[in-house]
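Let me begin by handing over the structure; questions about it come next.
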Amino acid sequence: MPHAILLAHCPDQPGLVRALASFISENRGNIIQFDQHVDSLEGEFFMRAEWDLEKFVIPRPEIPIFIRALAEPRKMTWSLHFTDERHRLALFVSKDSHCLYDLLSRHESGELDADIPLVVSNHEILRSAAERFGIPFHRMEVTKENKASAEAQQRALMKEHGVDTIVLARYMQVLSDNFACDWANRIINIHHSFLPAFPGAKPYHNAHARGVKIIGSTSHYVTGDLDEGPIIEQDVIRVTHNHTVADLIRQGRDLEKIVLSRAVNWHVQRRVMSFRNRTVIFT
Amino acid sequence: MPHAILLAHCPDQPGLVRALASFISENRGNIIQFDQHVDSLEGEFFMRAEWDLEKFVIPRPEIPIFIRALAEPRKMTWSLHFTDERHRLALFVSKDSHCLYDLLSRHESGELDADIPLVVSNHEILRSAAERFGIPFHRMEVTKENKASAEAQQRALMKEHGVDTIVLARYMQVLSDNFACDWANRIINIHHSFLPAFPGAKPYHNAHARGVKIIGSTSHYVTGDLDEGPIIEQDVIRVTHNHTVADLIRQGRDLEKIVLSRAVNWHVQRRVMSFRNRTVIFT
Amino acid sequence: MPHAILLAHCPDQPGLVRALASFISENRGNIIQFDQHVDSLEGEFFMRAEWDLEKFVIPRPEIPIFIRALAEPRKMTWSLHFTDERHRLALFVSKDSHCLYDLLSRHESGELDADIPLVVSNHEILRSAAERFGIPFHRMEVTKENKASAEAQQRALMKEHGVDTIVLARYMQVLSDNFACDWANRIINIHHSFLPAFPGAKPYHNAHARGVKIIGSTSHYVTGDLDEGPIIEQDVIRVTHNHTVADLIRQGRDLEKIVLSRAVNWHVQRRVMSFRNRTVIFT
Amino acid sequence: MPHAILLAHCPDQPGLVRALASFISENRGNIIQFDQHVDSLEGEFFMRAEWDLEKFVIPRPEIPIFIRALAEPRKMTWSLHFTDERHRLALFVSKDSHCLYDLLSRHESGELDADIPLVVSNHEILRSAAERFGIPFHRMEVTKENKASAEAQQRALMKEHGVDTIVLARYMQVLSDNFACDWANRIINIHHSFLPAFPGAKPYHNAHARGVKIIGSTSHYVTGDLDEGPIIEQDVIRVTHNHTVADLIRQGRDLEKIVLSRAVNWHVQRRVMSFRNRTVIFT
């Protein structure tokens, strides 16, 4: 039996928890999880509710009507999801295989509960990696000159395959502002530094040059501003003077794949809400 | 204006969030934080609600009456607290000063929001540490022979000073089962290992002998079973073959004081619920 | 140009660093890395030296003769390796794919600098995973009854494929004492707990029941005593009351694969020395 | 019996380990620890040797003569220390007490093996904290106008008290370039962020605004460039959307005191070498 998941946020005001909990309970939905957060600085209320539909008296197609009635007077932004609607992910990659293999093996074992209809790459090199796992691989060269048309093709592919979210799994091309904007909060990137330290190119080289004692990795939603989007997850690992740049790159890979997969899993499970460049993560 | 804090748990059943949220909201309490957890294995529901009393229409002394009415039909165990009622802590110590100084300096700076009416010790050595911070120090020698009478004195002291919670800040005596039982969930210990690894005496020696690559520290409620009580907080630090037992002891001290102070702070802020040897921490 | 790597340990005595450094330098070997450790409790000296053979005046086949001359009067235990001799690993697996995929993808990308001539399993389920990466897969059912003959077959396979080290990548069978003994310090296991906490079966269930706030993973050499062998690497991750056993299992997988791959990499790079149930790791 | 400690670095060249190890061993010094590191990017060799003077045949005052003879032909920069020469630390503080109390209590327990002849502050507020531990407290107001003369007074105080190293234990004044330059690698600061992220003022506010999931703390040598000096130690702690700026400040204090004390201890034990804005830490 599927669950419903409601994500909602609105200006903080009295009675919000009661209103939402009452709506679910009075209609005989059994609350599985109910998380709420008030950002007192922004005066914004955030909520994630997950409930069992088994005895829920409102028919599934009509639930949005009721929620709209709750949401409008409260100026609430919301989205409704059902656990039997599988998320569809496109993986964008370049040459590095570690994040791709990590996501594909999680997908195969069922840990990543989403569909992966395709892998897109600007290089040929990872074709066999994708195809080995039975995922169609689309090579699409991207140059300064053809960038606009390549993106048009990418958008067409996304549409054709019904993609919900794009995962940049070490995709080394910068997307256009327009693309990022149209897909706001639906493109997840992994950046190989502890942002906001070392944005842009060659973060491990820069970390080594600065002599940091800890390196990190950051997964974030992509916005028009490079490496400036809302952070979903970060993690770090200790390094020493003994580590060369090559060591940092190698150790960083473990961080990158773990951090990206956590972010993708939370996103797919509808646990992430984004608001003014910050995220609320209901885990 | 003080807040009210309600901690409650009961068998999971439909409508719990609604019932509690409605009680607060309908009486014009503004919910500051509302956390809930369902342990699906145990079938138990846990909740912590904190609300502003400013416009709350039920007079403070009558709140328990209303909560009792909510709780009884639901077989709910609950406790009600107010943020203007300062927790009273007794610190028990032996010879090591690091946890004592850490708690006293947090207390002085206001970070540890509780009263510390006294320090109790089976040794004289930390008297000046306590008195330096203006806290009365009670020396109470404990031997095999006088243990029962010493505990009777300790209990009398606790009563006299209106102590709510005892913090064993590296107190190297084992309390009797009776004492532990009477003060269930009100005695917080710090054990210098990553429990359940290395319970009992000399955990750093044992960790060194076993060749672990990480050492830890555990804060837990004291029960009759040594080092077996509900865990509140743990943390760890990486070590290498290069570390001697003395190094582990020295590094462990940093863990001990941080872990103990987190546990004490959460306890004082009524963020800890204990149930069948496990804790729920609403942070 | 390959490097030579010398691992050595002996009772601590004056002049050891000088003797070994002089041997290398005076024969025009350029020292790349020279690590030394004295375990003052055991009175044992440990050393790892890596040097460039380019201008080294002693011919490669004769180096052992010289080292023997240095080692004997000092009661030194030693082994000599060359970086152009690739380590040969057999991976033993059962049903869980995460460690297998992780090692195979590191192998493919060149990060794991070793040969993997075969995968051995007591189940059929991971055949396609291995074969997808072009690694021969040997199914070998193991039951109480056939255990002795199965091990004989496994030993024969190891011999046939010139295997140096066996990696138990979530292999859910216990090896016999004899096997473990004959392959001392050449079988690497990953155990899904923070040893010595939760040895044996179902560690995540036990961790959940105990209510720990941190879970861990341990890679160690296999000995006759289950989960008691020398620890190579451990790591941990924070959990909360909110995590079910299934959550611990899922989160633990990330630990298992990272910890195992670190241990295997260090072992392959001849960075691990084992002595009386503890390891020295020269990273 | 005291040990000698030699710190040295020079351009990498064959025979360095041998030369230094031979010098110690041939003069009957027993090597306690011998650490070496080659920065292959910079082509620089670093070494720390600690040896027992008991049977060392060179008289203590003459050791430098011999080392000079070794160092000069190799263009070696070096310093020689003896473990019975206690380091003298001046603590500079402003209003926050946590780092001060932490250092004073480590000093009292003997864990911080150094003398603390004085505490200097631009505020009166921590006088009682220092005096409670028997350490003289010097108030020295610093304003834009009197900065030069205040620094002159501070330098005079340092001289008068034979101070080796200044610890900025949350001292909220920026030292002049001149001061920083004259005391290069002898002033240790604690900055309350994970540098290079969030340099300058209000790092916790900036970390909160950026929505990071991990905050950090950095201890570094002070140079003329604010928060740009060589990093000695860093550590981090995980935070969530739930943490307010006040929470970050409170949690950050634990990081600050731990990170600063580690850095100070390593410095005092002569384990830190600084080279072109990076440090080598021999732990």
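Which chain is which? They are A, B, C and D, in the order written, and residues in each are numbered from 1.
Simple rule for what comes next: a residue touches a chain if its C-beta (ideal position, glycine included) is under 8 Å from a C-beta of that chain, and two chains touch if they have at least 3 such contacts.
Computed from a prediction, not measured in an experiment: that's the story for all the values here.
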- Most distant chain from subunit A, judged by the mean position of its C-alpha atoms: D
- Over half shared or under half: which fits the residue numbers at the contact of copies subunit C and subunit D, same or different? same
- Using the average of all C-alpha atoms in each chain as its centre, how far is it in Å between subunit C and subunit D? 37
- Task: Averaged over CA atoms, how far is the centre of subunit B from the centre of subunit C? Could you give it in whole Å?
- Result: 41
- Query: Listing for subunit A: what residues touch at least two other chains?
  - Reply: 242
- Listed in rising order, the residues of subunit B that touch subunit D in the complex are 97-98, 101-102, 105-106, 108-109, 111, 132-133, 242, 250, 253-254, 258, 261, 283
- So, in the complex, the side of subunit C touching subunit D is made of residues 14-15, 17-18, 21-22, 24-26, 28, 30-34, 36, 38, 238
- Item | Residues of subunit C that touch subunit B when the two form their complex | 37, 39-41, 194-198, 208-214, 216, 230-236, 240-242, 244-245, 277-281
